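Please find the structures below.
Two complexes are shown next, each including chain A; its partner changes from chain B in the first to chain C in the second.
Showing the complex of A and B:
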């Protein structure tokens, strides 16, 4: 492209890039620099190499936060994917009032994390919550989430699945609708049973969408903050802390900017690693379409 | 065969019921409980028949004036962020759709990757900078932050939508002597309005509901509605659930209706956003 044309185009793309450079990229690079420094309020930063990373990685609180995050991401995202897949198949099988049901399924997308926490705290209130009451009357175990860390993590996982299922469902449903009906016709003529049609047609055709939905949700679930912060605050005794909450505490409670920055870059690297997978899948799709 | 059909139909009906319970119960309980008399909110067993009351809304109005300031702040910030994100994304999406070069293609990939950086990471350096510039606790900070985290998705979405507008229309306008800006305003924007609405839905829902940035970057002046509600939960010595439900209902109702009416654009946006980058 000629330089003249490029300078003509620049004003149109500039706002987007100026915003992204000044709000995301430069601050993220500054965080990288900060992660190699010892620094706090009113104190000149001094270079300490990878000390902050070593300190973070050997901090038992960070390890427990990382463990919580990874377990939460793995459990919540896969359960969500399974539910999303089942829903997509349910909708694709033909439902009456499809549009109404679709809108109902999408409804949690509109709900703020704050409101979702209000609602789920109430429903699962250990004494008088309606769901707790229901479980008790059915003789089922209840979630004692304000004392039991594992129960709290289960509640957080359910909450985050509830908030994000609409996203996963829509991705999979759109991909399912894009599968040509001829394929199922052909499979039926060949004598395939419904399960075989699912295994041999639906699943392979949904493959790319499943990978995209998974990677997206890994990346977005890994940064989970509000649900945990508002539901348990990381407690009791930091047992339900996740990486983002650990970062927040380091930075804004203890003013330990060096270790907070190192934590931040561990988050960035994890996200970018997952993003790499996403870009590779996109590439493959683009070249696949070209053939 | 008919028995089979019956079973399948029954299975589907059960599945649909479970889906509706799962999706709607958490929302319905908030809304319905906001009209329950105070002592019946935690009645054991839960009471489903009651005389509706507006007492919690009246209490919200008289005791939590700050909540309504928060709503106004949320509205201002949402409008600002949406306009900023839509204008920037449309301009960039137009260029990315109509031109291609190594530089441009590379910069799209860059946009997609940057979007995946966790927001909490950048609060760390922005907090002191925002304080230094004296723009802490202003509407502008949140508008810019919210818009920035959606311009990359917005740009990619707009490119996808503008790709579907025939280039012949641009060329015809060009022959008539229209410049890029005129073509964008007169030809592209009217035809790309579904894309614009899809981008707007994302930004509106995000900006209206966001918690983390509002929590870190606002204090009193620009405090948003979700933040005020989080403070209501936080006053742990005595959460007034009635008022909390009333405030939650007021915050939730507009955005829920918005999503219901715009569901087509939301679905189109989600689909294009994930598969095209």
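Showing the complex of A and C:
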């Protein structure tokens, strides 16, 4: 009876499987196959084993791009988490004009990445940008991002934080609103101070939401491309290049599809490793705090 | 079974769906009999004109054909073209190819055009610049018909030169450096002016500066940095300009479009751009200095022996037919028409760099384009930035990386040139 029901249900489920198979599994397998080949336009792919992986991993430009990506991801994701948490607590504590402020906070998420980068490039133009001019008029130091790689990385981090803060914020805000008021009431009766209430009630209750926000942001942030490509193009002299830009160059500038495919797989594994380690540690801490 | 709410029966639903699909499948027959799909840059479509100025109106009527352009920026266009040509079949029967791309492997993706030209020749084929034809001949096969060239010129803002008390544009590279330094000032309008603006992501500029001293990056017979001292001198000049503030502090982030904007706004006094940009730089709707931005040949160094010609960089586009194209006959007909004297001249009047020598003798072009005569002179000695080979794009990027390090002062010029030789060497064809 059960088997017959499954058979009857299969046609309804099958389209989902076909979709996942065709848009995720098969392309991933094709990229894995391609990563073992030397391939370019006008050439039949030829098997080279793991040469592409060795070539990519031994390329100083790739290692530099990987380091830049890790630094950007770690900094941006954690600053986003901190700011998102602060904003969520601020909104939950009751703010005047809450709806308007909520719209303002969420607005960057509705802006196209390309438009955002072009706008920021204009605002921070080293010669004529309004922000640069304002900082100069106030006698403050400016971001010399077109010359100093560190300044460029700071600007990229600021931009990506601005763009993706709403994602982290909305997850944490929703989780904070879901915490029952009774818990705070009980904590208050037990004599807990605000900081103790935050540490013993808010933080443990927000734990799962924090894990979800971090996990998603780690994986998304590792793919950072538009902000770097449109702002600095990876320059000066490839000093701000990230892994996705490296991949793009291999595939679409040099037409080296084998090394591009190998880069893609290294990128997937690196992002999973980075996220996995953090999530395990955080889960442990959250579980510990909860008990 | 009938749906009681809508009155829709299964038979009616199926009948409507099948009828609709059949009508959609038949739709192309309502349009013009043939559509030629073309992969190009937007500029290639624009110079052919529109509406009353459509240069191909008669051809379209005679062939009962319409054109469908799909346009991209240069690099994505080449990528898409090669991708289409690698498929079992493509609906794009004409593509536009840059002359530094066709390696042997790439050229094999496209139809040899020699036999087509023998059977149904292009009007006065010998009138098309032989150097451009040579650039599209790979392994003995002509694979593309040149359609546009972009030859680099030195543009200067005449008004800014006058304001700085400079009566004539530079005749030598040394004068150019001196004037660029002098023109790094705040203009009477209060605009901070930089002597020269150059993009940092194109090989054109360092190659031009190396050639000004008789050097080069990669010659057409594949010699890498044939004159190391000349390359070092060229890069030293760029570094000197940067250190003096005569190149913008944002040099590493400057792109091609920035150069146009800076010149139009009077933020830079000199730049290097194709002659074809003359109209845009002097467009009153875009430029604050319409009519005051002039073009001259890029000057060579005074250290070169007298009479040594300066070889400016030229980039050429050609029309190709993918081997797997569906309508090669219509594609060749289109290429013949676009290559005709009439259309070549018409496109030149619309701002295209003409590939026919005779176009430059046409009074209408001379009158419409004040720099046509200068351009013709520069074109005579111009050559590509580097020849096509499989690792050319990587070689260019590597060279630019080292040039940026040298110009920004993060590496000595000598070390940067050494690194170019060491790193690009293994990429060179055997």
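Definition applied: the second predicted complex is superposed on the first by the 249 of 291 C-alpha atoms of A that agree within 3 Å, B and C clash if a C-alpha of one lies under 4 Å from a C-alpha of the other, contacts with A are read in each partner's own complex, and residues count from 1 in each chain.
Just so we're on the same page, contacts are C-beta pairs under 8 Å (C-beta built on N, C-alpha and C of every residue); 3 or more make two chains touch, one makes a residue touch a chain.
These numbers were taken from a predicted model, which means no experiment stands behind them.
> Between chain B and chain C, whom does A:268 touch in the aligned arrangement: first, second, both, or neither?
first
> Check whether A:277 is in contact with chain B, with chain C, with both or with neither, and answer first, second, both or neither.
A:277: touches no partner chain.
> Output check: A:34 vs chain B and chain C. Expected answer is one of first, second, both, neither. What do you get?
first
> Does the superposition put A:249 against chain B (first), chain C (second), both, or neither?
The answer is second: A:249 touches chain C but not chain B.
> In the superposed arrangement, does chain B or chain C reach more residues of chain A?
Chain A has more residues touched by B than by the other partner.
> Tell me the contact category for A:146 with respect to chain B and chain C: first, second, both or neither.
A:146: touches chain C, not chain B.
> Please indicate which partner A:232 is in contact with in the superposed arrangement: first for chain B, second for chain C, both, or neither.
second
> Which partner chains sit in contact with A:25 here, chain B, chain C, both or neither? Use first/second/both/neither.
first
> Looking at A:45, would you say it contacts chain B, chain C, both, or neither? Reply first, second, both or neither.
Neither: A:45 stays clear of chain B and chain C.
> Find the residues of chain A that appear in the contact set with chain B and again in the contact set with chain C.
Overlap of chain B and chain C footprints on chain A: residues 125, 127-128, 252.
> Can you list the chain B residues touching chain A in their complex?
Counting only chain B, the residues touching chain A are 12, 15-16, 19-20, 22-27, 29-30, 33, 42-46, 87-89, 91-92, 94-96, 99, 101, 103-104, 107, 109, 111-114, 116-127, 129, 144-145, 147-149, 151-152, 154-155, 180, 184, 205, 208-212, 216, 226-227, 229-230, 233, 241, 244-245, 248, 251-252, 255-256, 258-260, 263, 266-267, 270-271, 274-275, 277.
> Note which residues of chain A are touching chain B in the complex, please.
These residues of chain A touch chain B: 1, 5-6, 8-9, 12-13, 15-17, 19-20, 23-25, 27-28, 30-31, 34, 86-87, 90, 93, 95, 99, 101-123, 125, 127-128, 130, 133, 137, 162, 167, 170-171, 174-175, 209, 212-213, 216, 219, 222-223, 225-226, 230, 244, 247-248, 251-252, 257, 260-261, 264-265, 267-268, 271-272, 274-275, 278-279, 282, 285.
> Can you tell me which positions in chain A touch chain C when the two form their complex?
Checking each residue of chain A against chain C gives 40-43, 125-128, 144-147, 231-233, 235-238, 249, 252-256.
> Which residues, counting only chain C, touch chain A once they are in their complex?
Interface residues on chain C, with respect to chain A: 75-76, 79, 82-83, 85-86, 103-109, 192, 200-201, 248-255, 267, 390-391, 393-394, 397, 401-402, 404-405, 408, 410.
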